[in-house]
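Everything below concerns the one structure shown next.
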Amino acid sequence: MKSIGIGLIGTGFMGKCHAMAYGGVKAVFGDVTTPRLELLCDLDETVAAQKAREFGFARWTTNWRELVDDPAVDIVSITAPNGMHRQMTEAAASAGKAIYCEKPLALTLADGIAMRDAVQEAGVASLTGYNYLRNPAVIHAKKLIDAGVIGRIIQFRGIYDEDYMADENLPYTWRCRIKDAGTGTLGDLAVHLISVAHFLVDDIAAVMGDIRTVHENRPDPDTPGRSGRVENDDQINALIRFNNGVQGTIASSRIAWGRKSYLQWEIHGSKGMIRFNQERMNELYLYEAGGDPAVQGFKTILTGPAHPPFGLFTPAPGHGIGFNDLKVIEVAHLLRGLEGRETLYPDMNDALHIERVIHGIIASSEQGKWLQP
Amino acid sequence: MKSIGIGLIGTGFMGKCHAMAYGGVKAVFGDVTTPRLELLCDLDETVAAQKAREFGFARWTTNWRELVDDPAVDIVSITAPNGMHRQMTEAAASAGKAIYCEKPLALTLADGIAMRDAVQEAGVASLTGYNYLRNPAVIHAKKLIDAGVIGRIIQFRGIYDEDYMADENLPYTWRCRIKDAGTGTLGDLAVHLISVAHFLVDDIAAVMGDIRTVHENRPDPDTPGRSGRVENDDQINALIRFNNGVQGTIASSRIAWGRKSYLQWEIHGSKGMIRFNQERMNELYLYEAGGDPAVQGFKTILTGPAHPPFGLFTPAPGHGIGFNDLKVIEVAHLLRGLEGRETLYPDMNDALHIERVIHGIIASSEQGKWLQP
Amino acid sequence: MKSIGIGLIGTGFMGKCHAMAYGGVKAVFGDVTTPRLELLCDLDETVAAQKAREFGFARWTTNWRELVDDPAVDIVSITAPNGMHRQMTEAAASAGKAIYCEKPLALTLADGIAMRDAVQEAGVASLTGYNYLRNPAVIHAKKLIDAGVIGRIIQFRGIYDEDYMADENLPYTWRCRIKDAGTGTLGDLAVHLISVAHFLVDDIAAVMGDIRTVHENRPDPDTPGRSGRVENDDQINALIRFNNGVQGTIASSRIAWGRKSYLQWEIHGSKGMIRFNQERMNELYLYEAGGDPAVQGFKTILTGPAHPPFGLFTPAPGHGIGFNDLKVIEVAHLLRGLEGRETLYPDMNDALHIERVIHGIIASSEQGKWLQP
Amino acid sequence: MKSIGIGLIGTGFMGKCHAMAYGGVKAVFGDVTTPRLELLCDLDETVAAQKAREFGFARWTTNWRELVDDPAVDIVSITAPNGMHRQMTEAAASAGKAIYCEKPLALTLADGIAMRDAVQEAGVASLTGYNYLRNPAVIHAKKLIDAGVIGRIIQFRGIYDEDYMADENLPYTWRCRIKDAGTGTLGDLAVHLISVAHFLVDDIAAVMGDIRTVHENRPDPDTPGRSGRVENDDQINALIRFNNGVQGTIASSRIAWGRKSYLQWEIHGSKGMIRFNQERMNELYLYEAGGDPAVQGFKTILTGPAHPPFGLFTPAPGHGIGFNDLKVIEVAHLLRGLEGRETLYPDMNDALHIERVIHGIIASSEQGKWLQP
């Protein structure tokens, strides 16, 4: 396969991110199939036309079904609102297309299951966009863990906080409604954290959650003096246990002032500890037990060419990659997966495991007891 | 009262810490009653004599009951092993002495209740040594919270980790046995974290714990090839709810490689966030919402004379106080409390609340459900 | 102008960086002229062909003069070895092309002057690639300074350290020879620091340097047992004074173990301080004098959409941009400059000011006195 | 010698610091001669009496000559204004007393020489109070350097900044006058930095300074609308060379907003780097070259019992010592020096070397050339 046709649904935050990644991946990675930017979809005709020009797509449409069925499109990238993921996935699967869908899968677990089933039945490849797993720092953390550098894992603690809803006077929007947005911080943020936990430790086997809507009412932007009731979670805390028996905690908030992309985790081992924080995404912190206690301490490791695929971006260590570069790496993984060189992870089945966890957290929070997701 | 007689039981880690604090408090604080170092107790005669000389005590004894009953002793400082706290407290209370006892209260909740009852019935003053509450940074955090600088509290997350038991080949000792040590990380470390949570937020009203002995067997130092079974907790995680409804998490480990005094907490508010870490005990981190987003960020506040009683140690901001200075502040609080100028906190009743929480964590962990401590 | 033809000389570290920037700039910035990747030059035919395919260039050549003269090429990007910059610039200027040349200008000051003269005489536009000036954090620092947030500037201190030559057993290479590499750390690293100083404070008016070749001999890779004499600077320190009278220091080393991209500077003002470190390129540190001393401290500002053009990369604050994104911003500046919307800075004349400073540092170091560069 | 008599002149910032150190050293160190707090001197009778009571001195006086001549006084601690140091030292030396004098020696180099000569002629022991040299972190840095952990030293960079004069509207005081205060930031701050450089690297052999009075006039507190001319240095920068040929820079400011005790230095070696910052005085940063590049990074070492004499303060690593504890260590060194167990450093001759450097910086700044101090 010399090139592969891309159809992209969505031109917003993640739509642009996908477009930049497809546009840049060949120059960075060199040895991957060349993405051909075939067709871009946006509901607004002016936007679709303009963004196609800017992103370098050959054609545009306002009808996503047209895109899904277009014979020149091999991969369908879905960055539309979460409520659309299911029908787009089902249509793309029916059309036999590979599917690259942003997280979370869907608004409900039932929809997620339907999506997983659709791709499995159609036998099409899928990848979900969890962004943070292929950071060279994270990949290296996994290597260190697998090599036993920190011994056996004994604890996982993770946090993912942002503050995009922290202002309690922000207006009531679709984000506050279950039928439009599904969960709150769980689907927006916590799923990322869970994806990292699954990637680095093991799948989560049991959860004991405590979720909370803190800012219960937000001002109705349309009717002064009225407010709307927020239906989904602002803050979540959970005790967790992994399949391998390891204990842990996760916590996430969309109302944590000062936190912008605070995807922070630490993995305790019997011989050391590894820590990471996405807000300093080019650093990895490692403590190795042993040796002279007078020179023991956490190392701040700046990522560089010693942490593939960093060196494909720049041969200079410590020079730093950015958020969008993570998506380039994810797209390279997608292309290699489709070439059969790598196993796509997390595909829609893996993503379903992640979403079972968030729904398990909700249920265990309601029931006040441990549940298996 | 021009001076006050001190009797100190114990000359180890915390015994020396008490001695240094009594010896230094008058020079630092000036306006407190002068401690008179009357009597020092250690079971070993040589140690008792030598330490009395070094610490500046007038006399020494190997019999703690003698100390408790000595008419020149007004305050009994208890830094003996936790299993001795109850009988020493009961004797000192009977003798009408003020009691300054290191945390935790006792090995069992029953003993803790007995101690609380003893001081209340005898009508003697008590203070428990929780060390970290009177750090100028922590006191200032409380002021900021009380002044509404971060709005209303919406979340508490706390960790207290050390690594003194992290090496799984450390020999089996009394610390591993419930009858000698009581709980593990709960009584050693988590109680400090809970004391901070109670001080800054509110008393904890409900807990959902998950505790674990990770290194289940440790080598028997006396019989090569044999090992002893560790009975108490290495790692604890818990979901918590405060009386005022605030949600939170606490986690603590005595086996967290690289952590030396990682008493770290963050308090999320509706208008900002405050963070602190005892490993950088002279810093407080504050994020205040509002204003130009282009210059928003966490401030690293170095403590100084603007944060009383820092200025009594040195008038130079950022010059730093140390762990032992925290004990000097605690002793000043004790002396002022006995003069009626401050309300002693946490006294044995307050300490009992803290210990109810750790026993609640154990019970909820066993029962797999939320409990009220 | 709907599109503009790009000719790129070089496919190594910075060649690839230019290619990625040209390839990505339209998707990120939207409103700039679309770069048309016309012609790529590399001396090696296989490399040229392969990289043209990967980078998306329409054609390739092994003859840079052919590229310079190609009528479809509007901008000549020069990322060839520094010793080639002069003749390439002169040829491109003669051909009437806009020139985008990597720093430093040339091996000698005379060559730099010739380059500046060539572009001025030909009346062609030029931009030199100083990478770090258009980081949103740095641009925001300039805004804060210009707005008087830190009062008037009273001090500049800067460091640029890396460790790519720190190993004293690294073999002797062309980098060690003046005729091949020109200066050492001065041309590689210090020029970046000076570019920032000129951008944020003012042009440097006087220097007092102290330069040193620390690892004087390096093993000859071709003849075991022999070594070659390093001719250029490993470490440089200098006192500086700016045109506006401000005092400062600069220091730079290519042999500073542990430093990977430590371009660190601090600007002291009469009302505050701003600090930055490229190794944490998404953070800016600001201290503003005044207000309650109890809450004063350096703020860690995470860059985001409030710091243009960050938002064009991602609308999510704190998510981080990377080194290559800085080049995308630089290329956007180039394109806008050629459209007449921005003034190109630093052009070759500005770059010459920078290089006069490094040659002034060498001369003042030799003469042991202050010199005006 | 079972005990040693202390006479302390001064009860302010450093006077109190000396008093606390004498009062605490025996409890901490155990094996040192016991200081007997004999006589305290303050010009103000009320202050003298009150502070003697608080600090635990047996007697007080308002006449320092009486103190110097008191037969029960063995050590004279001088914490009076710098302008008094010479006559006090000369009198104490004549009286045959050991002298513990705060830095800097004197207002002028001539006075410093006279002091050094006085103690040498009288054959009395002396120690100057440079505070920061005996931090366990700094002592450990010296051990690492001496053990060759970072190879041979190739660079020293140091900064000492505070902001106690940063507000340009602070009133004109004696601190601004050469005849009352001598130098500015040089004598207040830079001398500390030089003491560290001498301790860790070697004596400084040549300097090239650039000093500046930035806030040239300050409001006269007595006459509204008038101002006084500041005579001494606000900011100093200098290139330096050590006796052993190592190159370096030092910089110091008393007007650096946000800096509270920013005594920061870094020592580059041929095999690694060590860094330290007094604002985080319980941390040492170490980078060791070699090994797998994927796990290289600066280690943050928290001081503990592995770094003597930390363990005498507390057996718990990472629990932190404070500024006043540094003085306790310095006093232990003094006592041990007088017992003949350690060599007092820096004595008045060593201090004179330090002060020659600051006067060399002034002269080289005026002459615009390198000077040997």
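By letter and in written order, the chains are A, B, C and D; residue numbering begins at 1 in each of them.
We take it that a contact is a pair of C-beta atoms (placed from the backbone, for glycine too) under 8 Å apart; a residue touches a chain by one contact, two chains touch by 3 or more.
Every value quoted in this text rests on a predicted model; they were computed, and no experiment measured them.
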- Query: Of all chains present, which has the mean Cα position farthest from that of subunit D?
  - Reply: A
- Task: Please work out which of B-C and A-C is bridged by more C-beta pairs in contact, and write that pair.
- Result: A-C
- Message: Centroid of subunit A to centroid of subunit B, CA atoms only: how many Å?
- Response: 41
- Item | Separation of mean Cα positions, subunit C and subunit B [Å, integer] | 53
- Task: Averaging only over C-alpha atoms, locate the centres of subunit A and subunit C and give their separation in whole Å.
- Result: 34
- Query: At which residue positions does subunit B touch at least two other chains?
  - Reply: 259, 296-298, 302, 304, 317
- Message: Under the stated contact criterion, what part of subunit D meets subunit A in this complex?
- Response: 140, 143-144, 149, 284, 286, 292-302, 304, 306-307, 317
- Flag every residue of subunit A that touches subunit B in the complex, lowest number first. 150, 154-155, 157, 159, 166-168, 208, 210, 212, 214-215, 235, 237-239, 241, 247-249, 251, 253, 255-259, 268-273, 287, 289, 296-298, 368-370
- Item | subunit B-facing residues of subunit D, complex | 13, 16-17, 19-20, 23-24, 26-28, 30, 34, 50, 54-56, 162, 259-262, 278-282, 302, 304, 313-325
